[in-house]
Amino acid sequence: MQLGIVGLGRMGGNIARRLTLAGHSCVVWDRNEAAVQGLAAEGNTPAGGLEDLVAKLDAPRAVWVMLPAGGPTEATVKALAEVMSPGDVIIDGGNTFYKDDIRRAAELAPKGIHYVDVGTSGGVWGLERGYCMMIGGAKEAVDRLDPIFAALAPGLGDIPRTPGRESRDARVEQGYIHTGPAGSGHFVKMVHNGIEYGLMQAYAEGFEILKKKDSTDLPENERFTLDMADIAEVWRRGSVVSSWLLDLTAIALTKDDQLSDFPGAVADSGEGRWTVMAAIEEAVSAEVLSAALYTRFRSRQDHTFGEKLLSAMRFQFGGHTEFKSK
Amino acid sequence: MQLGIVGLGRMGGNIARRLTLAGHSCVVWDRNEAAVQGLAAEGNTPAGGLEDLVAKLDAPRAVWVMLPAGGPTEATVKALAEVMSPGDVIIDGGNTFYKDDIRRAAELAPKGIHYVDVGTSGGVWGLERGYCMMIGGAKEAVDRLDPIFAALAPGLGDIPRTPGRESRDARVEQGYIHTGPAGSGHFVKMVHNGIEYGLMQAYAEGFEILKKKDSTDLPENERFTLDMADIAEVWRRGSVVSSWLLDLTAIALTKDDQLSDFPGAVADSGEGRWTVMAAIEEAVSAEVLSAALYTRFRSRQDHTFGEKLLSAMRFQFGGHTEFKSK
Amino acid sequence: MQLGIVGLGRMGGNIARRLTLAGHSCVVWDRNEAAVQGLAAEGNTPAGGLEDLVAKLDAPRAVWVMLPAGGPTEATVKALAEVMSPGDVIIDGGNTFYKDDIRRAAELAPKGIHYVDVGTSGGVWGLERGYCMMIGGAKEAVDRLDPIFAALAPGLGDIPRTPGRESRDARVEQGYIHTGPAGSGHFVKMVHNGIEYGLMQAYAEGFEILKKKDSTDLPENERFTLDMADIAEVWRRGSVVSSWLLDLTAIALTKDDQLSDFPGAVADSGEGRWTVMAAIEEAVSAEVLSAALYTRFRSRQDHTFGEKLLSAMRFQFGGHTEFKSK
Amino acid sequence: MQLGIVGLGRMGGNIARRLTLAGHSCVVWDRNEAAVQGLAAEGNTPAGGLEDLVAKLDAPRAVWVMLPAGGPTEATVKALAEVMSPGDVIIDGGNTFYKDDIRRAAELAPKGIHYVDVGTSGGVWGLERGYCMMIGGAKEAVDRLDPIFAALAPGLGDIPRTPGRESRDARVEQGYIHTGPAGSGHFVKMVHNGIEYGLMQAYAEGFEILKKKDSTDLPENERFTLDMADIAEVWRRGSVVSSWLLDLTAIALTKDDQLSDFPGAVADSGEGRWTVMAAIEEAVSAEVLSAALYTRFRSRQDHTFGEKLLSAMRFQFGGHTEFKSK
C-alpha cells in the first residue's frame, strides 16, 4: 500500500527501504533535498513539500512522520493537519512524549483525522532485523495500516514461540502490537527504554566489579585479572543473563576490552526521564530505573556542587583537609 | 572419562545424566540412598560413601561436589581431602563464596590435591540447554577435566557468533570459561547473579509502571489498560530489551497475567549480597545491584521499623495522624 | 498592619493567632463558619466571604491564602483577583507547586495585583517557635509585608549566629528570606521538604539497622539488644547527627520505643515528588531524595506486581517454589 | 582519676586536655616524642613507652588507645595486654570495626583484662563542646571509668530535655551511653556515621538542586538564581531540616558560596562501608545509606568502566557516536 514518509534520516530512510523491499510504495519528503533524491533513486516517489506529498497520495492517506520529538514533529503534525482530509492518518514514529500524543489525537479528532503513535525499537539493526513496534491509536486506523506494520516488523524468525499464545493476537508474535488508544504506543515504548536503561546499568555495574577485581586496594590473594570479552561471550551461552544487550556488549568488548573509544559521558534521552516521572505519578518505587538515569547524569559532570558541599561539611566538622591541595 | 559426583539433588542428578548421555562414566553418592539408586538405574555406578566413591575411581581422580554452599560442602571437601591422593581434583560446583574457595585451594595445596570451583548457570533448563560454566583453578586441572566441561556446556548451538573471536579461546563459545585461579570461577558466577538481580528488577519496575497505568489516581484521559503478556511477547521480537529473562517473563505472564500464584515475597541467595559487598570493597558504585537486593529484603517484610519511625517523626512535627487509625 | 486570611485550618488559625499576639490586625474567613467564629472570639475580625473580607481591608490590601494546594487555592486566588485592586497583594502560604505560582503571577500582573508565594516550615510547632518562611515575589510587595513576616518568623532566639553574616540580609537570621521572583519561595520550600524526606530516611534506616542487630539470623556473639530511645537521646548531645528531627525522634522513642501506634504506611505530599522531578529536569543525581520517596510509596503497599514478577521469573528459571505455598 | 593515653594526635591530645581541665591525671605516650613533650608541658605525665606508661599507673589501670583503626590499634592492644594485669582496662577510642572488638574482648577475657570500646563523635569541636560517647564493655569496667566519661561528655548544656526521661539512665542526657557488651559501642558509632553520610547526602542533593535552578537548560521563566548561604541560614531558624550539619553548611557557604576550595572528591571511612554491610547481613533495605556511600566512591573517579560500557552499548545498538570525538 501507499505511505507518505516525512523525515528521511537514518530511521525514516530505513523504514522507506524496508517497505519498498516488501512491495509497498512510499512518497517521501525531507527538508534535506539530498536525502529525498537518495531515496528517489532507490525507487521511492519524491515529494516537493508536505502539500505535494499529500497530493501524491490517494485517500484515505497515511503519512509517517519520523522526526525529532518536540518542535519539529509538532510543527509537521500541525502542518499536515492543514492539508489532510477526514479519514486520513498521521503516524508519529518518533520518540514523542505520550501526553503530547494524547493531546494531538484530541486536537485532530474534530477534523476526522486519525493520529497513530508508533514506538519503534530496533535501532540501527532495524533495517535488517525488522522493527519492534508499539502502536497506539484508533482500531480502525491501526487495522487499516496493518500491511505497513507487518512489513516493518521482524516476523516470527527463529525465536522460540511462547507456549499458550495460540488464542492470542497473532500480530504480537510478528513483533508489533496495538497497545490501546493514542499515546499508549509511545507510553509502552517509553517504559521499554526505561527498562533498557536499567538493564544496561546492571551490566555496567557487574562488569565494573569484574574489572576492578585486580585493584591493588584489595588483598593480593583476593585479586583476579579477568577477561571482560570472554566473560561477556560465555554468558551469552546458556546463562540466565543472556540478552541482546549482552550480545552487543560481547561485540564491543571483543573489539576493544578497554573500551578506549568511549570517554564515558553517557547521554540520556527523554524516555528515561519520563519513565521515572511516570513512576512517580503512579507511586511506583522505581529505584533501579532512577539509579540508571542518575548514573548518566553524573557521568556527564566533572564534580558536582553536592560533592563539594560534602567535602566542605567534612572540613567543618572533622578538619579533613586532605582534598584541599589536590 | 570418569567423574565422581557427590550430591544428587536436581543439579547433581542432571549433571550425571548429561554426562552419561555424552558417554562419560559417573560414580555417584548422596546421603539419600534413594537418589543413589535412582541414578544407578540410569546407568551410573553407585557408591556406598565417600571412601567407596574415591576407591571406585582411577587415579588421577576427579570428584564433583554439588551440595549446598557452607557447611555441607565444607565438610565434604574436608572429608574427600582425607581420602584422595596427590594429583586428584576436587570440584566444587555449588554456590560457594569465592573467598572460601581461595582458602580451600590454599589448604589443599600442600597435599597436592587440586581444587577447582565451577560456577554454574542454567537452572532447571540446564539438562536440556546445557550449563554455562565459569571455572577457577590451576590450568593443569582444568585442562584435564575438559571433556567433562565440554559435555556439560551448551555448545555453539544456533547463537550467532561474535565477530573477532577467531583467535580467542575456543572453549568460551562452547559456553565454559577458565576464568583464572581458584575462587575466580565462583567470583564471576557471583557477579553474574548480581547482574541477574539487577536485570530482573529492571523488568519488574517497568512492568509495574505499565500495570499501574490504569490507576484511578491518574487523570482519566491519561490511563491505559495494557496487556502485560502481549507486551512481554512483542519485546522479545526485535526490541532492545529482548533477553532470556524476558522470554521467561512472557511465559509466566501468558500463563497468568495477574501472577496470582506468587505472593511477592522474594528470596535472595548469598550471591546478590556478596556482589554488593564486593562492590563496596572495590569502591564501585553499585546502585542498581544494591537496589535490586534491597527490594527483595523489603518484599519479605510487612512494615519495617524504619517506616514506623518515619510516621512517628511526621506525627511529631506535623501532627499527621492519618495512619494511627488504619 | 492589616492582613486578610482565608483558610483557618491549623496553619491559618495559628498564623492569625501569632499575628494578633504581635499586635497586627487580621480579617479572617473560612467556609467553615465555626472556625471564623473561633478566631473572631480571639480578637480577629470575621468576614462573611471573600468580597466582604476584601471590603474590610484598607488599600493597598494583602490577603494570605492558607488552603490546600491545587483546586481550593487556585479557585480562591482567582476569586480574589476579581475583587481586589491594583497594588493589592495575594499571598499563597500553602504548598503550591512553584510552576503554578509562576503562572499565577503572570496572570495577575496585567491587573496590577502582586502575587507572593510563601513556603512555610515549622509544622505544629510554628505557633510557639515561629515559622521559617521562604518568600517569592516582587521586592515592592515583599518589602511592604515585612512586618507580617517579621512577626511570624522565629527571630534570632538562642541559635548561635553564623560568623561572617554581618554584611548580609538581616532578615535571614530572623528566619525569613526573600528568595527571588514569584515561585522561588515555594521552590525553595519544596527542596526543603525533599531534603527533609532524605534526612528522615537516613535516620529511619540507621535505627532499623540498630533495631535488627538482635536478629536471630545473626551469629549469636554478634547480636546486640540496643536501647533505641537512649541512643536517640545521646546523639542529641554533641554528636554529628544532632538535629531537630532527631529531637523529635527521641521524643517519639522515649514515649514508646516500639512505635506501636504507627503501622508504618507513610504518606508523601507533593513536595517530595516535585523535588525529584525538578532534579530530573536539571539532570541532578538525586539518589537519596528519590530513595526516600520510593520507600514511602512502597510502605503503603502490600506486595507489588513487580515483586510478584520477580518470583515468577525465579520460578521459571530455577523452579523456586518456596513461596507458592506461603 | 588516672588515665593512660596512647596516641596523641588531635583526638588523643584533646582528650588529655579536656580530662586535665576536669582535674584528672593523664599519663601519655605517643611514638612521636614531640607530641609527648607538648602534652607534658600542659601538665600531663609523659611516658617513655607502653611499659613505662603502664608502670606509671596505679592498679587497677585504664589505658585509652586513640590510634588509627586496624594495624596500629591492634598492635598496641596486644602489646598492652602483655604488660597489664587482671582487673585492668584497655579502652579503644578509635574507629575500630566492631567485630574486632568482639574478638579482642574474647581474647583478653582469659587474662582478666577488660576491653572497652568507645565510639566518639564530635570531631574537632569536641575539646570545646565535649564528646558524645557510645561505650561497649562489661558493666564493671564501664562503671569504674565513669568519671572519665563524665568529664569528656558535653553534659546537659542548654539542649532542651526530652520529656519522659526522668526514670531513665541519667548518663545518656550527659552525652554518653553504655550500649552493651564489647563491640556495641563501636557498632552504634558505626551506624551513627552511616546516618551521617545519609544526612550529608540529603543536604548535598538539595543544595545542588537549588544551585542548578539557574541552568540555561531550563525554560527561561523557570530559572531562579538562589543564594545558597542565605538559604542554609534561614533553614537553621525554625525549619524542619535544622541540624548541626546544617549549621556547618551555613558556615561553609557563608565563607564561600562557590565552595571553590573543595574539588569535590570525597573520602569515605570504614564506618560508611561497614554500615551498609551490616544492613545487608540483617536484610535491611539501606537505600539511602548506600547511595550516600556510592556517591563518594563515584566522586573520586574520572570516568568509570561501567560508564564506558554504557556508551559502548549505545554505540552498538543505536550508532550513537556523539561522544567518540569528545
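For clarity, chains are labelled A, B, C and D in written order, and residue numbers in each chain start from 1.
Here is the rule we use: contacts are C-beta pairs under 8 Å (C-beta built on N, C-alpha and C of every residue); 3 or more make two chains touch, one makes a residue touch a chain.
On a predicted model such as this, the values are computed, not experimentally measured, just so you know.
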item	value
Contact-graph separation of chain B and chain D, given in steps at minimum	1
Between the pairs A-B and B-C, the one where more C-beta pairs touch	A-B
Centroid comparison with chain A (C-alpha atoms), farthest chain	D
Length of the line joining the C-alpha centres of chain B and chain C, rounded to whole Å	47
Intercentroid distance (Cα basis), chain B paired with chain A, Å	31
Per-residue overlap in chain B, given as positions that touch at least 2 other chains	123, 201, 203, 205, 208, 212, 240, 244-245, 251, 281, 283-287, 291, 294-295, 298, 304, 306, 317
Of chain C, residues touching chain B in the complex	10, 123-125, 200-201, 203-205, 207-208, 211-212, 244-245, 248-249, 251-253, 259, 261-267, 287, 291, 295-296, 298-299, 302-320, 322-324, 326
Chain A to chain B touching residues, read off their complex	99, 102, 106, 121-123, 126, 129-134, 153-160, 162-165, 168-169, 172-177, 179-181, 183-184, 187-188, 191-199, 201-203, 205-206, 208-210, 212-213, 215, 217-218, 221-222, 224-227, 229-231, 233-247, 250-251, 254-255, 275, 278-279, 281-289, 291-292, 294-295
Residue ranges of chain A in contact with chain C within the complex	240, 268, 273, 276-277, 280-281, 283-287, 290-291, 293-295, 297-298, 300, 304, 306, 317
